[in-house]
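Down below are the structures I want you to see.
One chain, chain A, appears in both complexes that follow, with chain B as partner in the first and chain C in the second.
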Partner chain A sequence: MRLEVLKTYKLYIGGQYPRTESGRYYIARNKAGAQLANVCLGSRKDFRNAQVAARGAVAGWSGRAAFNRGQILYRIAEMLESRRAQFIDELLLQDLSQAAAEAEVNTSIDRLIYYAGWCDKFQQLFSAVNPVAGSFFNFSVPEPTGVVSIIAPQNSPLLGLVSVIAPVIAGGNTCIVLASEQKPLSAITFAEVLGTSDLPGGVVNILTGSVKELVSWFSDHMDVNATIYCENDSSVQSSIREKSALNLKRVFFYDKKDWNSEEGQSPYFILDTQEIKTTWHPIENIAGAGGGY
Partner chain B sequence: MAAASSQTMLPDFSLSPRIDQVGVEERAARFTTRSIKKESKLNGLKLILNMIDLTTLEGKDTDGKVKQLCYKAMHLHDAVPGLPTVAAVCVYPSMVKVARKALEGSGIKVASVSTAFPSGQAPRDIKLRDTRFAVSEGADEIDMVISRGRFHAGEYNFVFDEIAAIKEACGDARLKVILETGELGTYDKVRRASDIAMYAGADFIKTSTGKIQPAATMPVTLVMLEAIRDFYYKTGKMIGMKPAGGISKSKLALHYLVMLKEVLGEDWLTNEWFRFGASSLANDVLMQIVKEHTGVYQSANYFSVD
Partner chain C sequence: MAVTRKKAAPKKSSTKKSNTVKLKFDTGWSYDPAPESRSAATIKPQYDLFINGQWQKPSGKKYFATTNPATEEKLSEVADANAADVNKAVSAARTAYDKVWSKMPARERAKYIFRISRMVQEKARELAVIETLDGGKPIRESRDFDVPTAANHFFYYAGWADKLEYAFPNRQVAPLGVAGQIIPWNFPLLMAAWKIAPALATGNTVVLKPAETTPLTALKLAEIIQEADLPPGVVNIITGAGATGAAIVSHPDVNKIAFTGSTDVGKLIQRSIAGTNKKATLELGGKAANIIFEDAPLDQAVEGVINGIYFNQGHVCCAGSRLYVQESVAKTVIRKLKDRIETLIVGDPMDKNTDIGAINSKQQLETIHRYLDIGRREGAEMWESSCPLPRKGYFCRPTLFTNVAQSNRIAQEEIFGPVLSILTFRTDDEVIEKANNSPFGLSAGVWTDKGSKIFNLTRRMRAGVVWANTFNKFDPSSPFGGYKESGFGREGGLHGLMPYVDIK
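And now, the complex of A and B:
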């Protein structure tokens, strides 16, 4: 006879697993009302701490070779694969059917591989050498925008989460993610996958808690560069737009995406959190060299 | 003989109180648990700004850098009206003249390090000339370093005489004595060095140069504050305190204010008796003040570069 050791579901901030500073928790339940776990009810200050961690990680992560970022995303997929059974069990607890749970985990792994591949390729696709009327070599390249705050999809606890995180970090950004409020378990277990994937601390920070309580902090922080919201609550959307205007955050609503389908993955998701930088490099008369720019 | 009678008043520094390390660290940790919110936090933050010695002490300092720092000292963040200025700008002696001119009429003091800062490894006549030069260039305050090597060797008379000689060379300038606690090793020695400095004529005692780790810590500062308190009880003379180095966040600075108030009391809660030696602290405090005003967390991008 032994007592089962139950996991404490905690936050993921700066590569560590702290409890919420507020000391609060809520109970995650399945449809039948059975208690699944006590989950941290994250607070404003948790978000603040996560932002500091995310900002601190930007230079290192965006400075890595794109190929290395791809390797790390691939490593995340490997770690997820090795814990496949655990994730399926957890999704079953959260009311998914066996088939749906398996599909969710499989697609999540494939999606990470997909974005791992894109890490060192989207730049070629979205860069350009531009024709200009002057003696300049003129080119545009995408660069990461910085820190991205994300409110993850509610009904796709793992695949939705992976689908919004992967393109953001593939592009060299760091992020603070608020997990699905009703189905938060997979997000925290996914944080354990991230923690064992050579992903530097602070690149991904995962909070659990109430969307209603935290959304304003996700959108009005002056040191966050872009924000992503995945539900279609129009009052929340307009509030996000308004608060994001404070520092001209980029705002994206992924509210009509079917994460299970092909439209749930695209290099354009990476492009969303990139800034296009154009360089005017003085040169000698380009036509003189017979070039055709 | 006057000298003999003043000598008889001096305590034997080898008998300075021994410090209970565990007790001091526990006590210092307690100060970090006070909750300071809203109005009192805002007042605390403004007081911190007003207590800062905005510092640049680098080999690469130029006239331009010092002028820029002085401008910042006078205009911390003009977007918020009613902010105080910092207490002083702290520079090397060669930069005093530039700072003096840039700060003309602002009421901000010019502090200068001297005595072969930061090592203090120079003959006394050079240290004295260093000090007189800074004063003649217009320094209001002198931050000297003690001879740590001599102190460790037990030559307390040498250290005492040196401080007294520098104090004399300062004239009207206030003297801050840097103990460089990171090189002293134990709290006992910090306490002893504090006692020597105060009896030798220091107006302020200061933890660190900022060039050695660890710099200011709360326990070390507590030991020095207690030395100041004991000195005050014995002589009735107030001595100022300046922790320097490693205090870059407003929350930590607020903890220091709590400690100051609970050890020395309200009389010391002014920049006449307490300073923070810091360069990046000011921006963090400003960001917190704007956060209190607007309710929105701030980004360093919107504040002046240090």
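And now, the complex of A and C:
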């Protein structure tokens, strides 16, 4: 007889797997009430540590060649594929049916591939060379907004998580994500995938804990540029918009999305966390010269 | 004799040669007055609210005066819209949206907007004169920049109305409904155009409120809209102060708020619509870094800096109010700047030679003076032009501060006046960090002769508009808007359509 080795589910901050600094935990249970694991009950301080890691990673990640970001997203998909069985098992533990669990994992892998392909293409789609009146070369391009805080979907523990993280990092942003509160196991196991995917530490930081407790820190931090919330609790939405006004965060609610469908993926998700920058430069225009015609 | 002649020749500086000749305008020559005639403009003694295609009396029966800041004389009085008036305007806009505007073929919508553009061009001179009288900006700027750019903005967006499916690849778009739009006093007609044109092109209807100190050109635009036969209620223009704006923002039947103004009010707006589904575009404050490297063509750079901060009396959200000069050329640049500032003509905005007109209001002049005090108290060195100021009206000499520290309030906060803060730097990385060290991110400027350095800087500046070897250029086809606390959403160009549509 062999005793099973249980996994300690920890946070993912700056490429490391620390326990919550608060030392607190909560019990993740399945529908029947059986205990699945002790999970870190993340704190405000954990969020702040993650923010520091995320901010520190912006320059490096946004400075990577878009092609390279695409390769890394593809590598994440590879790592997820190789652990398919593990993720399906974990989703079964969290009350998904066999068919639903398989679909969730398969679609998650495909979604990463989808966004891997967008990394070096969405810029061309959303850029413009602007025909200004005057002797100037003028163009507009999307740039990452910076650090994005994300409260992940509650009922789609892996696919929902992947669907909100992928477009944000495909666009060169970094993020701090709060995993599904009731079904947190897949998020932490996904952090292990990220940790073995050449993704620089700090680009994605994953916390577990209470939405109610952490949501205000996700929306009122002065050095976070945008925030995403995926549930339709209108009082939470209202509070997020109000707190985000402190530093004019860009706010997005993905509360009506079916992550299993085609509408769960689109380059417009990438565009949400992009800023449009317009650059002007004069064109020398010597009087009397007729150009090259 | 030869020796004597040699002595009489102007002594050349033993240190550095200067190739600029300091022009002495006061003794060399003077300009005769060249005033634009007021006769080109008709200003009525009183204006009502433009609601549902008609001029309607304000239900509170209150009016307030709008004055010429250059002379302090009253120009007209305009209606003060209360919540009941706002409600009337919003329901007119809703009805027009439901019954007419959202059902009209897009190409017909386009033709209305084209027509407005043409009429703005036809009345360009009148609009320019009124803009200058009401706001204090030099007639040269109203005539050559504000009014033509406003007309062009309508013309540009008119053409988009029946082509929206090309702007959003693989998506259908729908209008949002009623847009509540609140605009500032620095570019009154132009901001009205920036707001109304894309809203109409995308099929929305509008309730617009101009700023209380500069309502007249928006009301003239209402006359043009009436003359253009735009269906009643598609555009409603109502006047009033902050309370009127607040009533628009909080009206439950408004789907979209577009605001240009201060960051403080922008944050207030975001808070007050927190519990609603209203969409917002906020174009807010700025403290743009304008960076001069030692290899820049310095005379062009100095011209650009002057235009960057003294254009429109510095009442420009994207004004280049923080100048970073590389240490090696700082002395030269500051001397050239002072020489150039001495030549700027400050005075009657109606005079075609005037470079710097009147400060928009007494209140704004007081704000600027407060910042001049703050700057001196913080230990920066203030220098101002020696030009005379008119005895009446609100005027401010073009001013600059040297020895400014990064932490000084005059380097951090938006002054919105003709006041330049000058800081220095040594390396590229240092200036990038300093320039980005601001809660704002609306615009930035870079002056250097080296192409790769330009792109390093323009890429790393956290700002929505970056001018390289130029400054303060605008165009209807060029998106404008900020990063960080300078707001969100873009105005102008293809990207300016996005804030007014639902992408399906």
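Operating definition for what follows: the second predicted complex is superposed on the first by the 284 of 293 C-alpha atoms of A that agree within 3 Å, B and C clash if a C-alpha of one lies under 4 Å from a C-alpha of the other, contacts with A are read in each partner's own complex, and residues count from 1 in each chain.
We adopt the following convention: contacts are C-beta pairs under 8 Å (C-beta built on N, C-alpha and C of every residue); 3 or more make two chains touch, one makes a residue touch a chain.
Since we're looking at a predicted model, the values are computed, not measured.
**Q** Is A:75 touching the first partner chain B, the second partner chain C, both, or neither of them?
**A** neither
**Q** With both complexes superposed on chain A, which partner does A:183 reach: first (chain B), second (chain C), both or neither?
**A** neither
**Q** With the two structures laid over each other on chain A, which partner does A:257 touch: chain B (first), chain C (second), both, or neither?
**A** neither
**Q** Look at A:221 in the shared chain and tell me whether it touches chain B only, chain C only, both, or neither; answer first, second, both or neither.
**A** It touches chain B, and chain C stays clear.
**Q** According to the contact criterion defined above, which of chain B and chain C contacts more residues of chain A?
**A** With both complexes superposed on chain A, more residues of chain A are touched by C.
**Q** What is the contact status of A:48 with respect to chain B (first) and chain C (second): first, second, both, or neither?
**A** Only chain B; A:48 stays clear of chain C.
**Q** Could you say whether A:280 touches chain B, chain C, both of them, or neither, answering first, second, both or neither?
**A** A:280 sits against chain C, while chain B stays out of touch.
**Q** Using the superposition on chain A as set up above, list the residues of chain A that contact both chain B and chain C.
**A** The answer is residues 246-247 of chain A.
**Q** For chain A, which residues are in contact with chain B within the complex?
**A** For chain A paired with chain B, touching residues are 48, 51, 217, 220-223, 246-247.
**Q** If we count contacts the way the header does, which residues on chain B are in touch with chain A in the complex?
**A** Within the complex, chain B touches chain A at residues 296-302.
**Q** Spell out the residues on chain C that touch chain A in their complex, using ranges where they run on.
**A** Residues in contact with chain A: 152, 169, 171, 263, 266-268, 270-271, 273-275, 282, 284, 439, 454, 458, 463-470, 473, 475, 477-481, 483-485, 487-488, 490, 493-495, 503.
**Q** Report the residues of chain A in contact with chain C in the complex, numbered from low to high.
**A** Listed in rising order, the residues are 125, 128, 130-134, 136, 138, 140, 145, 225, 234, 237-239, 241-242, 244-248, 250, 268, 275-282.
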